[in-house]
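Look for chain A in each of the two complexes below; its partner is chain B in the first and chain C in the second.
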Partner chain A sequence: MTRPLLEVRDLCVDFAGETGVVAAVAGVSFSVSRGETLVIVGESGSGKSVTSLAIMGLIPKPPGRISSGEILFHARGGGTHNLTRADARTMQQLRGAEIAMIFQEPMSALNPVYTIGDQIIETLRLHEPLSRRAARVRAIEMLALLGVPDPARRVDAYPHELSGGLRQRAMIAMALSCNPSLLIADEPTTALDVTVQAQILELISKLQRQLSMGVIFITHNLGVAAEIADRILVMYAGQTVEAAPARAIFEDTRMPYTRGLLNSIPRLGMDRDAGPLPTIPGIVPNLSEMPAGCAFHPRCAHARPEPCTVRRPDLEQVGDQHVVRCARWREIAREMS
Partner chain B sequence: MTRYLVGRIGQLVLVLFGVSVIVFFTMHVLPGDVATLLLGERATLAQLASLRHQLGLDQPIFIQYFYFLLQVLQGDFGMSLRSNHAALADVLVAFPVTLQLALAALALAVVIGVPVGIIAGTRPSGLLDNLLMTATLFGVSMPIFWLGLMLLLLFGGLLGWLPIGGLMPTGLDAPRVTGMTVIDSLISGRPHLIWESLRYLTLPAVTLATIPLAMIARITRSEMLAMGSLDHVRTARAKGMPERRVILRHILRNALIPVVTVIGLQLGLLLSGAVLTETIFSLPGLGRLMVDSILSRDYPVVQAGALFIAFVFVLVNLVVDLTYGLLDPRIRRS
Partner chain C sequence: MTALLEVAELVKHFPTKGSLFRAGPPLQAVAGVSFTVKRGEVLGLVGESGSGKSTLGNMVLRLDQPTAGRIVFDGQDITHVPDSALGAFRRRAQPIFQDPYGSLDPRMTVEQIVAEALVIHRLAQGRKAIRDQAAGLLELVGLNASQLSRYPHQFSGGQRQRIGIARAMAVKPELIVADEAVSALDVSIQAQIVNLLRDLQRRLGLAMIFISHDLAVVEYIADRVAVLYLGRIMEIAPARAIVRTPKHPYTEALLSAVPEPDPGRGRKRIVLQGELPSPTAPPSGCVFRTRCAYAISDCAKVVPELLEVAPGHRAACIRTGIL
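And then the complex of A and B:
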């Protein structure tokens, strides 16, 4: 296997709050290769967005701080950068050009006072020596590539003049305009209608193949993950709780939390008389009031006083590239079969 | 756009009508009798009655208003009871003095206030931010008459660097074109005149600029802070944009709309006459003309002045509203 594009090792991100310092991300490791899609799944507050912002160097400081760990990025030019320590200039050169990001809400993520064309042109000209006119031509090409109808006219539209789907396409056009090698997509389809959502997912997969990008896709929706993931990393309360190739996550689920997420996806043809859709009881714990032992035990049907409430489980290898953070995974597997 | 403008001009007419009603009736219910004021205490009843008849003051008030309106529509506000000039002419002579002062003060306020707001707003709670915001707090709460007098005492009196009042040195005047001494001096092309006109403008402009400057700095700061945390700013950073450009292009531009509102409101206020500043520095501007006219019951001048001020105020507001459209496409196209 070739060298990965991005390696995150033992990343920890702290936030200083009123009640003291909390660890929003507590020791997460993963890697992404060119042409690969890693989906990070988790509920709100699981640390998935903070992880992506850490890669971009966009953690708001203060109150946030990368307290330890490494983020190694292998740039196109051949150099390797540790993004946790890169200076502002290096980060500016990488952002937009080599690592691009698309955000959840394309209405607020685009500046309302500039046309989408202006915003794409701006990105292009930050990183490439292009005239305004040449950049405009490229912007129209990008919009066409993203399937925006009538791109020569839409390029002069303001964000509020476009539908949600078109705005997100414009946002993606902007992110991909400099042909990045890594794309981070933070819930890019959450704010969209289901049909538009499917179109956008398809588009991202297609462009990924065309441009052979590495993609980190962040979502709370395992259904979305199933459509595009090569590998899936499930986060809970700032930690990896299960990570595996996509197929293994769905067919050989180990962590009770992952199973809970899977069971709570509605499926076509479900028996309506079988009762309501299962949910995971409770909510993600407040980061400043983390339970002792396994962070998930208060919500886990399989939890036992010993060892779950006492000892924080380690990440264990359970199969080929499949790791899980559960002290009782063997017993649970026996119980389930 | 045309429809919008026509609508706004219709509003302007309505506002002016309202102002004319209020001003006219207020002037007429105020205590004090114009005829007595004009003729003095020793006038006979017959003389007073004759003057009242001559001025139309013996007519019912609604009739008086009707005639007033008829004349105003022809641009005739009557003669000033003190100067014997046309009332509107007096107002138009005083206005350039105020206009020049207001524009100079506002220019100072914007040129200094906006950068101060940016500097403070991009370093929230830093030492510089705290210093600047404390300074602007003094600025907004400064009594103008006190500040003006202190500046006058220091720079005009003790140090003797700047003149203590008036528009130009006695006997030295540029040929009157606009009525604004600086502009007229520039037109005359004589460096000495330009220098003097600026020297005379400095103290009053600085005095008058203090409050708007502090307000503009504070509103710019708070808007920079509010806009700085929005998602599109994070997008701009995610594109690899240098921080300085993020601030100018993606934060400041969006923060300017409320700043423009404040600038417009301040300009309207400043143009309606800075009574205190004009009094301290003996400037024959609109504010002083209005106060003097009110005190001497020179109602034609008061009416002309009030309507003129209302006109200018509404006009400034219209310009501000059009500026919104330039700054924010969401307003422009709706």
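And then the complex of A and C:
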């Protein structure tokens, strides 16, 4: 197997809060290869966005800091960078040219007082020796590649003149303009209509194949994950609780939390007379009030006082490339069958 | 039985900026929508951003004044009743909004938020009575009465939505307009809130307009569903029929775009091409034809009528047989 593009090893990110230091990410490891899509799934507060910000070197310090772990990025040029220790200059060179990020809210990434063309051109010329005219041609090509209708005209539009879906495309065009090898997409479709979401998901898969990028896609919706994932990593309270090839997550679910997430997605054609929607009771624990034992046990229907409330479970191998953090996974599999 | 709410040929135009001395063409947010909602019935409104679903909800609540058309609530035409005389209606028809962060005053405790409605509508008098009722309402929505003196920021997103629901329920409404009430929530919390709304709606016999872009949620909670596109109803039918036997190509496309957690599913995906046309210059004939896979030249000439295609099932498409 070829060397992965990105390797995250035992990443820990702390935040200093009013009530002391909390671990937003508490030991997460994964890797992404070229041409592969890893989807990180979790609810608000699971640490999925903090993980992606750590890779981009965008953790606000203070109050945040990467307290331990490594983020190894193998750049196109051949060099390997440990992003947890890279200096500001190196990070700036990597961001945009090698690693790009798109966000849920395109207005947070687009500057309202510049046209989208200006912003794509600026990104291009920051990383490549291009004349303004050549960069403008490339910007129009990028918008066309992203399915923006009438790109030669839209290149001169301000962000507020575009619909939500077009803005999202403009932001993706900006992110992809320097042909990055790794794209991090943080809930890029959550604020969009389902029809636009379907378009954007198709677009990201298509571009990923064309440009052979590695993609880290972050979402709280396993339905969205099913559309694009090669592998899925489920996070809860700052840790990986299950990770596997996409198919195994859906067809051979091991972690009760993953099952809960799957079951709570409303599906078309449900029989509503069969009773209420399955839910996961309770809420994600506050990071400063983490329960003892398994972090998920207060919400878990399978939890037992022993061992779930006393010992924090380790990540165990349960199948080919399939790991789960549940002390009772064997018994639960038996109970379910 | 007569309907609790009847909406007839409702139209809403927003002015747009034109050139100096001349207004732009009006933005037709809602262009002639009619429907009824019976007591105890849930009508789902689905459509993309720009379909006019929220404007429609706001007009029903008289938060937006219709440009034309009629709103009849419990036999009374309220379209032109002045705001000052709408007090009783404001109690009987309550909104639940998408953003539980934006719709709760951060400086008020939960008790004050819930009690405000009780006081305005004189539904409780005396501190103890108000507090007891507020406590009861919190418990109704699955919160704890001990949380009465907390502030909104001390709650999670799902809990804040519960507070919003408690506030709406405080005045014993007959009609609820829930506009994207669960869209901003994580999936596991979304299911909790959908269950709560459905349980309250059934237990209290409420009529509800449930506005959402998520067809799976709408199918679950609604008895009937209206599919909106560019301010017009494309199709209206019992929820089950909308999902199992859609008769309008737009409904079919919306259904196929719903992401489902089943990677092995061999579903036909219809990705709608292009963008929603501008509501200031809607296409001639059928407004959906510019993005419709089945459009023929006749579609540009005729404005399709909303016609019955099966009992209780109406669709506005000259090619309904095609699906």
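Methods note: the second predicted complex is superposed on the first by the 337 of 337 C-alpha atoms of A that agree within 3 Å, B and C clash if a C-alpha of one lies under 4 Å from a C-alpha of the other, contacts with A are read in each partner's own complex, and residues count from 1 in each chain.
Keep in mind that, in the parts below, a contact is a pair of C-beta atoms (placed from the backbone, for glycine too) under 8 Å apart; a residue touches a chain by one contact, two chains touch by 3 or more.
The structure displayed is predicted, hence computed values, not measured ones.
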- Query: Overlaying on chain A: chain B and chain C, fit or clash?
  - Reply: fit
- Query: In the superposed arrangement, does A:88 touch chain B (first), chain C (second), both or neither?
  - Reply: first
- Have a look at where A:12 lands relative to chain B and chain C in the superposition and call it first, second, both or neither. neither
- Given the touch rule stated above, what does A:113 touch, chain B (first), chain C (second), both, or neither? first
- When the two structures are overlaid on chain A, which partner does A:66 contact: first (chain B), second (chain C), both, or neither? neither
- Message: Is A:241 touching anything from chain B or chain C once the two structures are fitted on A? First, second, both or neither.
- Response: neither
- If touched residues of chain A are counted for chain B and for chain C, the larger one: C
- Task: Using the superposed model, determine the angle chain B, chain A, chain C defined by their C-alpha centres, to the nearest 10 degrees.
- Result: 70
- Note on the structure: Overlay on A puts the nearest Cα atoms of chain B and chain C apart, in Å, by 5
- Task: State which residues of chain A lie in both footprints, the one left by chain B and the one left by chain C.
- Result: none
- Message: For a test of understanding, state which residues of chain A touch chain C in their complex under the given definition.
- Response: 43-44, 149, 163-166, 193-199, 201-202, 220-227, 229, 246-247, 250-251, 260-262, 264-270, 272, 276-281, 283-284
- For chain B, which residues are in contact with chain A within the complex? 230-232, 234-243, 249-250, 253-254, 327-330, 333
- Message: Under the stated contact criterion, what part of chain A meets chain B in this complex?
- Response: 56, 58, 88, 91-97, 100-101, 103, 105, 108-113, 115, 122-123, 126-127, 158, 160-161, 171, 174
- Complex contacts: residues of chain C adjacent to chain A: 48-50, 156-159, 186-192, 194-195, 198-199, 213-217, 219-221, 243-244, 253-264, 269, 271-272, 274-276
